[in-house]
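Right, one structure below, let's go through it.
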């Protein structure tokens, strides 16, 4: 079998480990041939790919980013796009199947290629925000939490020295998992997530309570968080939470509001791209490697249109159609657990 | 309710996070009083404890070790030992229940106190080796894997520079989880674990195959690994794998054997205590905090004789009696996954 | 002797290590008594201090921030301010001398207290930007460089994955040392520092040249950098480089300009407070500890009005008056060294 | 000019950064051609080298080890050895000069090639132990100190949990710089270095004093340390300190002796090869890069037989002959500074 691999959407620590796991499993267990499409779907629609042999994946588990590069191209658009053109391109090059590593949009597109064009696809879920309901955890998430936790550890000492309130913005457009885990791990005094809007009064109350205990308040906020009432305001205008008009990030909006409400000097820090780069944690390397291995096995089992996922300690398979339906939100009970650290 | 907490056995990153989670959950949700017994069961049988209030757990999530200290005392021995004496001590001090954080031996002892003496105990599993079947993962394990993975990343460059074979010994007396995960994450060329004895010939074959591809071989070995045949030899003498006569650690035994068999200069490194100390990873801080929170809830639900465990993403409860029965060995299928990296 | 210690101005990794070094040296070698003024000069003018004994400095070398807290109070202002009031406060409490840990402003104030009021002061230089000419390096700088270097390592992989230009803003109001060192260490393709204004055309040329070699450009910029021409524009208005009107930081200004000039998608990241918090590097812990030790020796030698500095591998003393005169700018020759990495 | 680069002796974080600095400086400033000899002098005497172009040094600053590999071959031995053969080999390949990166032995050999055969050599000092008197610091040393400091931070929490004495062995055959700096940075309670033999009674006194203050003792020992009296014993036999008969490392000898003398459970940890591998610190990357740049300039200035060194913040040149004479021992005054932390 000859399998084409592609990575699509925002990059994520562990992408290279998936590629390594897949290539080694294929080469050693099945004598599979591999090619790597460059720049995600762009490489597919433009017939731009390179061979991937064992030597290419050497030392790749600990390398951040993706050696295949990534973009946000849509496989249904452009001259080479759509199931028929893609199938022709694959036939032309003797490529039997596609291993598609990407987020919800990418996987949905992959599924359509299978449904509408019979193109043999296997999905590997990639979401640094951990927002796919079909998998317990996705690779990259653990690394992002680790980086955010270290940032909180650092911010705490400078906050304490100056008696300031620090507001740290972490990733999380629609779900607050990175904020929740790093906030619990770092001992934040308020964790603000998209799933649970809060009023500025409530946030100020937490911040003041921390100050009254003689400590420097530390607030972790997911980028998609909105103040109570903002959600309605924006949805009235047909905007969703993340697509609100931005005046800087949410942390830069909150810090002066907190300062105004509490009189405590407040500072914003936006972690940004640092969260997605660099060497993955051991956890993510193992998870990503296993997903790559099992994706190859799924191909040899003919499980087209399915994707590999983590359930407990096992790698399982689910239909992409089912898997991409649900957003993995932070449940009420998990947020309640964290509230004992607030204020 | 007044709960006494104790930590017993070898220390593990995350112990303090369990204590923090429990104390905050109890204080804020239930107005619980806490005391901390010092040096594990020793504090129980010698009536040596200190009050634990909110202030004591400040900043504790990121602190390695245990502020309560630990030892390997048996609660059934000594003047103050045994269920009757312990119950009297608890009554004398108005202590209603014990939260026991420890490994298999500790938890078994806790369960006996409940079964034989009706002493109200809740267990929290602690095993850096991840060898308890009742929980998907235990806190401390992720930190140990991370430290071992970083060590492999470092050893690799020095191995490559000199064309040497490096043999890294990691923890794992009866199970090879730390070796398996750090070996996959770090890209080891052989992973040797207690569950799967190998012959020196097989190891030499892997090492030579790596050398023949122009690379420096890297072997990760769990401390409890034995060469094929050694298991039988020792069990004939009534010794188990870990209690074999030691001439230095297994890495120090293997390195010269590999050098003799392959002619490749080989060096041993023993990670040792570095694996168990220092700040826990974000993953372990979150897991440990949640176990502490849920252990308090278990106490308020009267779930005596039970322990809290991780299943998938949920914290659940199991009877300690059931939980301590099974050793969580690396299954054949997981070891098979790793074999594509060997040689 | 009874010495009062204070930390003033922005915090910096290593402040606690200075305090530890001073207290241990004094207590063990001279039986010195110590008190710690809280919140910098604020504690001095408000007579707010705590005793500092050996136990208080336990484990302090690896702790970021300052246990004494810090602020930007001026000791010549307020009711308790000025040399006479401060001397009276010191007499009232039997305090013989002040050990003042701070930046240029703080040290200048300390020197005036000695010159004008005969108040016995010893200075310890603190500048994370490394902008004091009197010392080869100041503590905190190495930690900031290390954190910025790690950030560059992380940004590189995400930049490469998406073919983007990354612009990282690091500290450095008037001098570019952090940008220079982290840029060289991380392999930046342009390093922009206050001492060397550059035109947007020059920056775009470097960025395009990198892209043309098939790589993702990485630009490190010190917060005080200005585009060529901006310096004159602002100095015409009587503004200095750092006090220019701000529309977000310099990185946020540059990224869209680079994107407009080159057509390469560009993203800004601002490291901010993360650079000043958290555990110091080993280098900074050693340097800070030694400065604390030698500051106590300077007090016992009666070297009032002087400060301790690093020269080569030795800790020496210089008059604060001399020391605070010169800004430690990046010399032409050092910037020239770095230019081989540009473009 | 065509320059051949080689790395010789034990590897050290920063070797690749030297190579990168040299190649970029040469290629960009002088249009220099470079070749890299493989496996140190071995590549020279066996005429085994590869071209080194700009592309080869991409991303090399952060990579541990040496892409040229290293060995301990002597250039005066073997068929292709000695000045005449080497000169012929260089002429044959149009190589004008050698850039030799190595420790005392390597540099001395390089100097002999210049003195005896007129072979144009430039030296770059490499010693992770920091034992060359001609340079303030050598690259690799800072990384080793950082790794050892992190290990101490980790060992401390496990030591405290169990009330044990931890003995950490770090590198340092003839000088104790790594032990001194990491010991001060990590807060060790005794630092044992080759320059200052101590009796077991003195060590036990320090350890007991720590225990009596309620803390867990932490001892850092350089691999070349000897107990008082051992030095004489061995020198009577014509052995130097490091070449004593070894029964395991010094830490493994000391731990049971400390336990016997004090009754405190004691454990040894040997850091070993982990200290020399992996990504260099920012400090070492900058220092190594600058040494590489200046070594090329030295070649263009015809400074044959000289090596580049760090003095204060400047890179200077010294004659290799002078430079390799003196061992950079820890002076009495620096060891005295550290003693306030002992016991």
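Order as written gives the chain letters A, B, C and D; numbering starts at 1 within each chain.
Heads up, the rule we're going with is that a contact is a pair of C-beta atoms (placed from the backbone, for glycine too) under 8 Å apart; a residue touches a chain by one contact, two chains touch by 3 or more.
Chain-to-protein mapping (UniProt): A, B, C, D = ATP-dependent 6-phosphofructokinase.
Here the structure is a predicted model, which is why all the values come from computation and not from measurement.
Comparing the CA-atom centres of all chains against that of chain D, the greatest distance is found for A. Taking each chain's centre as the mean of its C-alpha atoms, chain B lies 42 Å from chain C. Between the Cα centres of chain C and chain D there is a gap of 30 Å. Inter-chain centre distance (chain B to chain D, centres taken as mean C-alpha positions): 35 Å. Residues of chain B in contact with at least two other chains: 153, 156. A list of each chain pair in contact follows: A-B, A-C, B-D, C-D. Residue ranges of chain C in contact with chain D, taken from their complex: 24-25, 28-29, 58-59, 61-62, 136-137, 142, 145-146, 148-149, 153, 156, 181-182, 184-187, 215, 279, 281-283, 285-286, 289-290, 293, 311-313, 337, 340-341.
Per the touch definition, chain A reaches chain C in the complex via residues 7, 10-11, 15, 39, 63-66, 69-71, 147, 150-151, 153-163, 166, 248, 267, 269-270, 272-274, 276-278.
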